[in-house]
Amino acid sequence: MENGKLSEEKVFKDPVHRYIHVRDKLIWDLIGTKEFQRLRRIRQLGTTYLTFHGAEHSRFNHSLGVYEIVRRIVDDIFKGRPQWDDEERLLCLCAALLHDLGHGPFSHSFEKVFHLDHEDFTQAIILGNTEVHSVLKENGADFPKKVAEVIAKTYENKQVVSLISSQIDADRMDYLQRDAYYTGVSYGHFDMERILRVMRPREDQVVIKSSGMHAVEDYIMSRYQMYWQVYFHPVTRSAEVILTKILHRAKRLHQEFYSFKHSPIHFYSMFEDELTLEDYLKLDESVIMFYFQAWQDEEDPILSDLCRRFMNRKLFKYVEFNPNVQMMTLMELTTLFKKAGIDPDYYLVVDSSSDLPYDFYRPGEEEERLPIHLQMSNGDLRELSRQSEIVDAISGKRRTDHKLYFPLDLLEDFSTKRTAKKKILELLNLSN
Amino acid sequence: MENGKLSEEKVFKDPVHRYIHVRDKLIWDLIGTKEFQRLRRIRQLGTTYLTFHGAEHSRFNHSLGVYEIVRRIVDDIFKGRPQWDDEERLLCLCAALLHDLGHGPFSHSFEKVFHLDHEDFTQAIILGNTEVHSVLKENGADFPKKVAEVIAKTYENKQVVSLISSQIDADRMDYLQRDAYYTGVSYGHFDMERILRVMRPREDQVVIKSSGMHAVEDYIMSRYQMYWQVYFHPVTRSAEVILTKILHRAKRLHQEFYSFKHSPIHFYSMFEDELTLEDYLKLDESVIMFYFQAWQDEEDPILSDLCRRFMNRKLFKYVEFNPNVQMMTLMELTTLFKKAGIDPDYYLVVDSSSDLPYDFYRPGEEEERLPIHLQMSNGDLRELSRQSEIVDAISGKRRTDHKLYFPLDLLEDFSTKRTAKKKILELLNLSN
Amino acid sequence: MENGKLSEEKVFKDPVHRYIHVRDKLIWDLIGTKEFQRLRRIRQLGTTYLTFHGAEHSRFNHSLGVYEIVRRIVDDIFKGRPQWDDEERLLCLCAALLHDLGHGPFSHSFEKVFHLDHEDFTQAIILGNTEVHSVLKENGADFPKKVAEVIAKTYENKQVVSLISSQIDADRMDYLQRDAYYTGVSYGHFDMERILRVMRPREDQVVIKSSGMHAVEDYIMSRYQMYWQVYFHPVTRSAEVILTKILHRAKRLHQEFYSFKHSPIHFYSMFEDELTLEDYLKLDESVIMFYFQAWQDEEDPILSDLCRRFMNRKLFKYVEFNPNVQMMTLMELTTLFKKAGIDPDYYLVVDSSSDLPYDFYRPGEEEERLPIHLQMSNGDLRELSRQSEIVDAISGKRRTDHKLYFPLDLLEDFSTKRTAKKKILELLNLSN
Amino acid sequence: MENGKLSEEKVFKDPVHRYIHVRDKLIWDLIGTKEFQRLRRIRQLGTTYLTFHGAEHSRFNHSLGVYEIVRRIVDDIFKGRPQWDDEERLLCLCAALLHDLGHGPFSHSFEKVFHLDHEDFTQAIILGNTEVHSVLKENGADFPKKVAEVIAKTYENKQVVSLISSQIDADRMDYLQRDAYYTGVSYGHFDMERILRVMRPREDQVVIKSSGMHAVEDYIMSRYQMYWQVYFHPVTRSAEVILTKILHRAKRLHQEFYSFKHSPIHFYSMFEDELTLEDYLKLDESVIMFYFQAWQDEEDPILSDLCRRFMNRKLFKYVEFNPNVQMMTLMELTTLFKKAGIDPDYYLVVDSSSDLPYDFYRPGEEEERLPIHLQMSNGDLRELSRQSEIVDAISGKRRTDHKLYFPLDLLEDFSTKRTAKKKILELLNLSN
């Protein structure tokens, strides 16, 4: 072994990229850390497996994939390009591998309920007292900080940053393909090999040779379809609604000194807003599922009911619902739910999903996003939506979907509160 | 809805079979039971995900797949065939869906350590006080028993039995393809559509039209490769060895009244050979992982070390080792391990894997297997290995692989017991 | 065999649909006719194989594919639907199989040069003195006429017509997937199985259940990408330009009583606008290639040069060129070409490709196209572009691409007419 | 452009290898020669498209694929290996690209009838007065000779030779995958990427690291299945039998001074055993198909009948037939055919196909083949069949299939010679 290279290349068999190639000892050692191995116990797509049963893959899976895409770019495509600083190579690879390191179980719900941010935890793991930090430090005392900066998008070399996070980065290219593969949907396919081949490092970004425009269009359309067909699937969101409500309920019970049969030890510091990195790293989806399974037998009827729903996939039903124009109906429903003896705080939930498929540059605006630039044959740069009709058509247009979730089974159980329930069903247009 | 049919067909998106089609209310209801949903929390391939990171799929996944294959056979291929009794259709479908219902977490290891048999649990779930049983009973009081018999291979109509379990059954056809898909290996592909099209119900079995012989050869070769390339992969077995030793250690500690920081409540009845169905159904891989994670912090150095190895994938290394001819070496190693202060009961393990890829009929022998019969164009039946040179070449030949597993990291740590460790490495041909 | 069914189903192995299933004797017999077998000698994508070397597949291939898609719709999806008349089934299958029967070699070019219409020939073959006609007649004296009407879109049952030709018909669904498969491009994938499952016959059309909208969007985007990435590829059009000019040249030489070394016997009646069906059926791409190969040795320098270019893929180069605003440049170039001794009639060609990816209904307009209708959950119909943002964005927008083609090699050969050639290169922005 | 490199890499979209990458000007120029472009007009699998309609791909296609595989080996796998002479790289690439250059139309049949050898023509094209020769010479006066030697297997560096032709060479690896892709069969898949990664140049061969043994087993089984399922398919052979008989008939008619309506000008020199390279290069499948189409109208009933059969796919039927033990039956059939007025020289044909899937080394024997060697972890070489049970089982075992072909339609036409025909059908076990 010389220069930090393994004596023999290691490979992982990967269904999306065929093989993941590792030649650097640093990468190999990072993969072996317990913080990285922990990603095996966190699903890439949270509750999506309850809608698409194939989507049981972990973030470990995806993280290797992002690494492999970046490795191909820096080793095959950018190699030897004048504007590309070869010393940044390892930095790119580490940032790619570790970009999702801070994700916890069912991140989306946990972040919402407990006001966490997985990006903060990624930073904390890279810079904290962890195996990952020790491994990174072997490459130089300031190396962990640089990796953290790349992931935080504050690193000075924006070419490096944009490989990891931009509107056409390795992260997105991997997850679109990978999530399509595991769910089995037909969307999510695009010609990544072509996109990689037309990427060019240039000044403070990575641009796309204009001959590859159609492949980029296809990628953006794939992203659009994956968002609406998979990521925002209403059944997945139903499971997420229930999950969120379980967390809310458990927290409130804890605050109200409810006596749990199975105490939420792992959750204490989170419930009390005193979560440490050490505690956070002990959380994974096995732990969450363990509690949810146990809590099916709690005395509290709401907690046990919600846990049973989640474990056994008895999800909430939904109707289209626009909270902006139907506020009165929602208030009416809330009142009726109370009358019907069903707590609307847990059983009547508006959920909204929203996506902006591509955006051109709007300096100063919230969520400012760097646009994709095409490099024309004469060398000029041109923003993608000015060149592509298709992208122009969806550029900057936010699309939002609102649903109202509720337990239809409870409403159709007329053994009690028949009148209120009937009225609710009428309001939801579900009576027959 | 009439005749037990859903008002509208339901589909599941499946990456292997594209879609799983459900038209029968009975099937839909079975899928919704908590015992069936539990299969989502049990991986199809146990510890294989530590070798092939893509193999994170559950038995839920596979069970739907087996159902779909049988559905196609009975609905598309056998439909209207004179010898095929249409009333058995639903029985086939249920048996296909439920055939793995009794699997527990990491079945292979648990069955070995605790002398369990997942098939007994499958029977118990189908016949016991469960949601599955209630749903099945709606189709007739003796229907659960019939389904159980099909799975137990004792049902009188052997055509039904052989669709679910024979040397070319829906179970194998699904798992070969599915496991290949999720691991990403190139093996496991064969022309299932062709095999289905040449299947014919005949007397007490399902036979294959001789024109499909090559597709069957290909299937048998796929199976052979999957066994040796995936299922018996030495790294997977290393993880399984550790898992098995964790269970052994925890049981012994329990028997020795060790005071656990985190008591193995879920394991009590198993440790004491008093496992009930109710307790069994509470076990899933989240629960196991929860304990293993917690036990990393136990005082007992062996239990905590083994759990850390499993959770963080610090597996045992291995060498080829034939216990039949190297018994003396094994004894010597055992002595040396003790001298080196490494308990050979947990850290020196011979593991043997063995497979018989295809067998012709050997009446009276242990593991008697029904052969695959080809139906020649004149109607005669001919046993596959008499017609296919390839199959003949591997027919009846058991292949066994022995490995010796040990923790190389401990042996290479020369801070203590240097002499003994050096000698061990020499014996293992690992000194340099 | 009973009721026109084959005693045993026949299958064709097909790379796109896995298998093509034939159960009807009529279909089997049609495939065996010499007019249908002739489609094996006509490429599906004309000159595209000179750009995408994989695209060597024939119209035979595609015709079977369209048949198979329609077969699945009528046998699996529409079967038993109240609004679907089972008697039309065979009519659909025949029309699907035969819809491209009248295509000649390199249709696009031939139709343009000789003012032919392959649809007229399809009608003529079905209704004329052919094997196809004889086979169809066995199903009833007026059956050939009905099949012809379906293909001509004049058949009264518009449900039947729209399966074969509409904005989302079996023809398009097959060719997008098939052409993507053979070229190897990543576009052209969409979830056909889902689209088929949401198709519903309704009044005078086939509509799509609204739950399948995203699959339809994906199909329309696939179509868009295939048009611009494959069908209108500028290199393919270069070959087509040359092919067209060969035909023009040969016709003119024939009219001018040029003495061919290799007389264009097969072309006589076409050159003289007296093409008969019998002559037409003798034309296939082998015949054309045979002449082009022979004509490489003709005395006429233009004919031999163009044929050599086509046979040996020495194609014309191209630049972007807008004939609407650059008319003066074109005139100047024409003059300069003459000065340079290069005949602009054959060597300076503007080619324009244009596509309208989807259109809503514009009654009375030329090229009126029936829109795709979604069937909402309440039964209402809604035109696709009103429901889908993506489709709305491209709906009704014609996109056109203009290129100017010319032989760069001749222009760069400065052995003669150096000045004129230099000036041409300057005008084309190709001097350096 | 420097050092013979193109200023920008060129790519071809390829459905099997995704992209074919060309960086060397020499390779680009070779692809542009008319001799190489001619391979577009010669199908890779001869008459197979009449059995598997997808198999319409050309040798051009395959030749690019072999080149790409070798390119990956020399550029990615062998690069920098001490035993690998970098100067041989271009030689490998050229030999890979050109190895099939001498193939003519329907090679198998033409070689048999006219005693040609495509390998002689490959040599002749490389060394003769051709565009290919001119391009090769630019790389050195003796370069064409070296390329020819590699293809002839006489080149001194056997590592180079064995990449192009050995029992596991780039040629086979491409055609198995490519032919599987275009036919659509499930066979032909193996993990090429893994095989490439374990190839090692060593002394006078390329060996395989033993860890890749299973991938090689899988490759050999794929080869076995492709031979029997695709290449030797009896329907394909039926078309080949007819093709062969057409050539025989035309030659005999020519020798007998038959007056053709359509003279076989392109065949003259071949019929008279005076074929020149120039004439040979004018032959392609368009030319053959042109004649066969024209000859459908010849007066000679045998020639016109056979041509009609070929063009319209009215093939001969077949029965199993062992010429070694059924010689008497064959003689009897011959007599009966004559009685029935059907010329047995053209209408009663025994065809035998035979394959040896893998062979170990048998020095001195005819068809001596170099075995595949595994490189064990200790560096020893071991012949594959000694290590692999599966390969051992089929190693050195020649399998042969005999069929008897005849025109069933003529035999079933009882309008004349009823008695003889009935007797023939009885002998063939086809009477009912």
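Just so it is clear, A, B, C and D label the chains in written order, and each chain counts residues from 1 on its own.
Note that in this section a contact is a pair of C-beta atoms (placed from the backbone, for glycine too) under 8 Å apart; a residue touches a chain by one contact, two chains touch by 3 or more.
Here the structure is a predicted model, which is why all the values come from computation and not from measurement.
Engineer: Compare the CA centroid of chain C with every other chain's and tell me the farthest one.
Structural biologist: Measuring from the centre of chain C, the most distant chain centre belongs to B.
Engineer: Write down the chain pair with more C-beta contact pairs when B-C is set against A-B.
Structural biologist: Top pair by contacting C-beta pairs is A-B.
Engineer: I'd like the Å distance between the centres of chain B and chain C, where a centre is the mean of that chain's Cα atoms.
Structural biologist: It comes to 51 Å between the two C-alpha centres.
Engineer: Go ahead and note the Å separation of the Cα centroids belonging to chain A and chain B.
Structural biologist: 32
Engineer: Among all residues of chain D, which ones touch two or more of the remaining chains?
Structural biologist: 18, 185 - these are the residues of chain D that touch more than one other chain.
Engineer: Contact residues on chain B for chain A in the complex?
Structural biologist: 12-16, 18, 32-34, 37, 40-41, 49, 52-54, 56-58, 60-61, 64, 181-185, 282, 284-290, 293, 308, 311-314
Engineer: In their shared complex, at which residues does chain D touch chain B?
Structural biologist: 185-187, 189-191, 194, 214-215, 217-218, 221, 224-225, 228-229, 389-390, 392-394, 397, 399
Engineer: Give every residue of chain C touching chain B within the complex, in rising order.
Structural biologist: That would be residues 11, 18-19, 193, 197 of chain C.
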